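Remarks on the structure that follows.
We call the chains A, B and C, going by the order they appear; numbering starts again at 1 in every chain.
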Amino acid sequence: MNAALQNNATTAMKLEGVSKLYGPVKALDNVSFELRKGEFLTMLGPSGSGKTTSLRAIAGFIQPSAGRLLIDGRDMTGVPPQKRNIGMMFQDYALFPHMTVLENIGYPLETRGIKRAEREKRSMQMLEIVGLAHCAARYPKEMSGGQQQRVALARALVFKPDIVLLDEPMAALDKKLRGQMQIEIMHITRQVGATVVSVTHDQEEALVMSDRIAIFKDGRLEQIGSPHELYQQPRSEFVADFIGEANLLHGKARITPDGVVVEGDGWNVSLPKEDPRGQAFTSTDNACVVLRPERIRAVAAGSPGVNAGEGVIEDKIYLGVEYRLVVRMNDGSKINVRSRDVTAISGMTAGDRIGMAWAPDDIVIIGA
Amino acid sequence: MDRLRRALFWLIVGLTALFLLLPTLIIVPMSFTTTTTLEFPPVGFTLDWYGKVIGAADWQSALINSLVVAIAAAALATVVGTAAALALHAHRFRGKTVVMGLLLSPMVTPVIVLAVGMYMVFSGWGLVATRLGLVLAHTVLAIPFVVVSVLASAGMVNPSLVPASLGLGASRWFTFKRVTLPLIMPGVLSGAVFAFITSWDEVVIALFLADVQTRTVPIMIWNQVRTNLDPATAAVAAILILLSALGVLLSYKFRDVRS
Amino acid sequence: MNVSAQDGAVPVSARAPWPFRVPTAFWLIAPAVLFLALFFVFPLLRLVAISLPGGSVEYYEQIFTTPVFLRVIGETFRVSLIVTAVTVAVAYPYAYAMAHGGRTVLLLLTVALLIPFWVSLLLRSFSWIVLLQNSGLINDVLIAMGLIEKPIRLIRTPFGVMIGMVHILLPYAVLPLYTVMKKIDLRLVEASSICGASWLKGFIRIYFPLSLPGVAASAILAFTLALGFYITPALLGSPRDMMIAQMIAGQFNEQLNFGLGAALAVVLMVLTAIAFGLFGAARAVLQSRGRSKDGV
């Protein structure tokens, strides 16, 4: 990756080969990555993928079985949570029910021996930032879910922690609030300059909020990168499928004088010689091609060319802004097509043959 | 530091569990001792003490008294308590809280107060030194347990079953017999077991109401413990524990009501 | 389903799991109420009457002016308070382990708790006599450990009484604590530690305050029950450490002073009622805490 990462001044945290075993089960398997200061990193993955275990290891609630965790260059092995200077927003917020909002937010300052007057001043400032200054004297029970979340965020930020952890930040909110809070949390954490590690299984949330996303699967770090990188250059079928919508086509790769061609029954993909993705190919083996549904153009059937394919329309759904087609390929596999090309599609019906075309730039080949 | 605290915590919890179990656990082994004094750990093994207890006329009559009184009190408390619990569960009426309070208050009244009060009243009615007197007194103590137990199981019956049965054309009595009663039966049965054990173990009231002819097993134990401690007492205690254990197993088989 | 159209019947209460009408309810409750009125309420009222011969309060005067009675009442309070404090202190970690120790621990500790609960109090007091006597297991162990040289007197002492009482009260104290503790989310303690609090700080500021309703309930329950103890102090204590229940029994059995005994019984009844009233009040206060402070 980037050379700047080697510079300690920009590295907030570093995981070096961290593993966690529960008996024979590997909850975390040799995970390594770095967190840059001021960035918003999301750990994304299905349940049981190791993202939550990573978060709890960073917080200090569990000790890794192997590997090291460095925060600001300091080895955290054996350091209890209370000495890590980390802020955390819990999944259902874990607000102290017997304390007012102001006392809740002031608690991390209280534990750091800050005097009451100063504590209340700083807690109030934080409350203003999250827009709840009028709720200072309330108890958590008397507030809505969205308000509780902001209080939890304020409590996690008030002591200017080195790192802020968000555990499934949107899980306890209803769908309508989620979109709004995603943007709000992003703004607030940027405003105070926090370094954030979030955990979610919701790819949309990860895409909206993060500078970088770390994708987990079966305890392993599958790929880490900006949302754009992950979308454009997924390194595995899993990542391609997890980020955005993907059609995965399996075919045979062939190296030709002009470049690389991947072919299946009734479709092909061709990359010119100078394309770096094609140069990675050495063998002539199986390859997987990722085609994003919105990058497929519908064309007339019966004129197969280069970077094109054909199939039978199985379903055609009109969604207002676009059409969604399910197309059955010759080998029986199905792919999704999303198109706004009303003139091309409106005349087609289920059962018709359809031709499809794509540009080489819109294609990702996995399995090099 | 953290590990030390945790070790200390579990040590305390373990010692507490030992403290809880110790007195119960030593009783049974002590009853097998061959010595004439109560010893723990016991010396040797003999069943003589059981033979002695079972063969003694006064223990036999006490055992019969205890059984008669406990069965009668359990039966009476179960019938009366179940009826009241059903009505309390199903209906709202004025003074319901008061009735509820009355039905449960024998549970929190100091037994000694009940004992002397009953002694005064029952002696006027000629009920002292009779089994009937003991039955009535123990029924008072047992009613709250039956009420609580039946209320708990009635609370778990789906209330729409009765209208459903009536809607299907069943008569009220038939519905009660075929729908309600089978569903609350676990509560009734474990209430009955509670009632039985309450009477079976009761000593304070019995001390005031019973005489030599009507005395129960707990009174015999009380007298033994106050005069001479011998392994025969442990043998009786072991028999009582065995019976309690049977009762508990029965009641847990019906349903866990206490939790 | 609505059945009122069926046969013009009285509508059955919607909650009823059984099919009878309201007048039937009366006839179902009547036997229990009548029975308790006759054999429970009436004897208690009779005690009150006996304690106030001709409306005179002489017995109460006697109780509250005679040092020996005042001493016994004071002793009853003292023993009950100490026993309550010890019981709750011992019950607290035990209930904590039950609430947060996982399923196996919960099962084991519940069994350990319920076994003595089901064995009669008389038998357990008997067992403590055997354990605490000079040649008993406790003295044997203490001697074997080298802590003492010759047996120390444990029965017929206030210490013996307290051991026996704590043992009997422990299950009653653990259950309310456990009920409250199992509802406390341990993530609050995690939240406290990530906020920078030490274990002790988190316990004092977060866990303990949240467990207070359980502490109050179990303390008042233990205290209420302790006030009326009769068998345990009679078997494990000496006459000098008499508690009020023994004194009541003595007035009826030995002194044959029924009026005074009845007055003492009424005093105990009132004290118990007050303690139990506190129980209800404490529960109400603690339950409303943090719910509507802001609304006021």
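Going forward, contacts are C-beta pairs under 8 Å (C-beta built on N, C-alpha and C of every residue); 3 or more make two chains touch, one makes a residue touch a chain.
Everything numeric in this text was worked out from a predicted model, so none of it was measured.
Taking chain C out in thought, with all other chains where they are, the connected groups by touch are A | B. Chain centre most remote from that of chain C: A (centre = mean of CA atoms). In this view the innermost chain, defined by its CA centroid being closest to the centroid of all protein CA atoms, is C. Note on chain placement: the centre of chain B and the centre of chain C lie 17 Å apart, centres being C-alpha means. Inter-chain spacing, taken between the CA centroids of chain A and chain C, is 56 Å.
Chain A and chain B, compared by their mean Cα positions, are separated by 62 Å.
Listed for chain A are residues 80, each touching two or more other chains. Counting partner chains per residue, chain B shows two or more touched chains at residues 2. Residues 1-3, 6, 9, 12-20, 22, 24-26, 28-29, 31-33, 35-37, 39-44, 46-47, 50, 90, 93-94, 97, 101, 108-109, 112-116, 118-131, 133, 135-137, 167, 170-171, 199, 224, 227-228, 230-231, 235, 245, 248-249, 252, 258, 261-262, 265, 268-269, 272, 276 of chain C are the ones touching chain B in the complex. For chain B in complex with chain C, the touching residues are 2, 5, 9-10, 12-13, 16-17, 19-24, 26-27, 30, 37-40, 80-81, 83-84, 86-93, 99, 102-103, 105-106, 108-122, 136-137, 139-140, 143, 147, 154, 157-167, 172, 175-176, 179-180, 183-184, 197, 200-201, 203-204, 207-208, 218, 221-222, 225-226, 229, 233-234, 237, 240-241, 244-245, 247-248, 258. Listed in rising order, the residues of chain A touching chain C in the complex are 59-61, 80-88, 90, 92, 94-98, 100, 107-108, 110-112, 137-139, 141-142, 155, 159. Contact residues on chain C toward chain A in their complex (touch as defined above): 185, 187-188, 190-198, 201, 205-206, 209-210, 289-291, 293-295.
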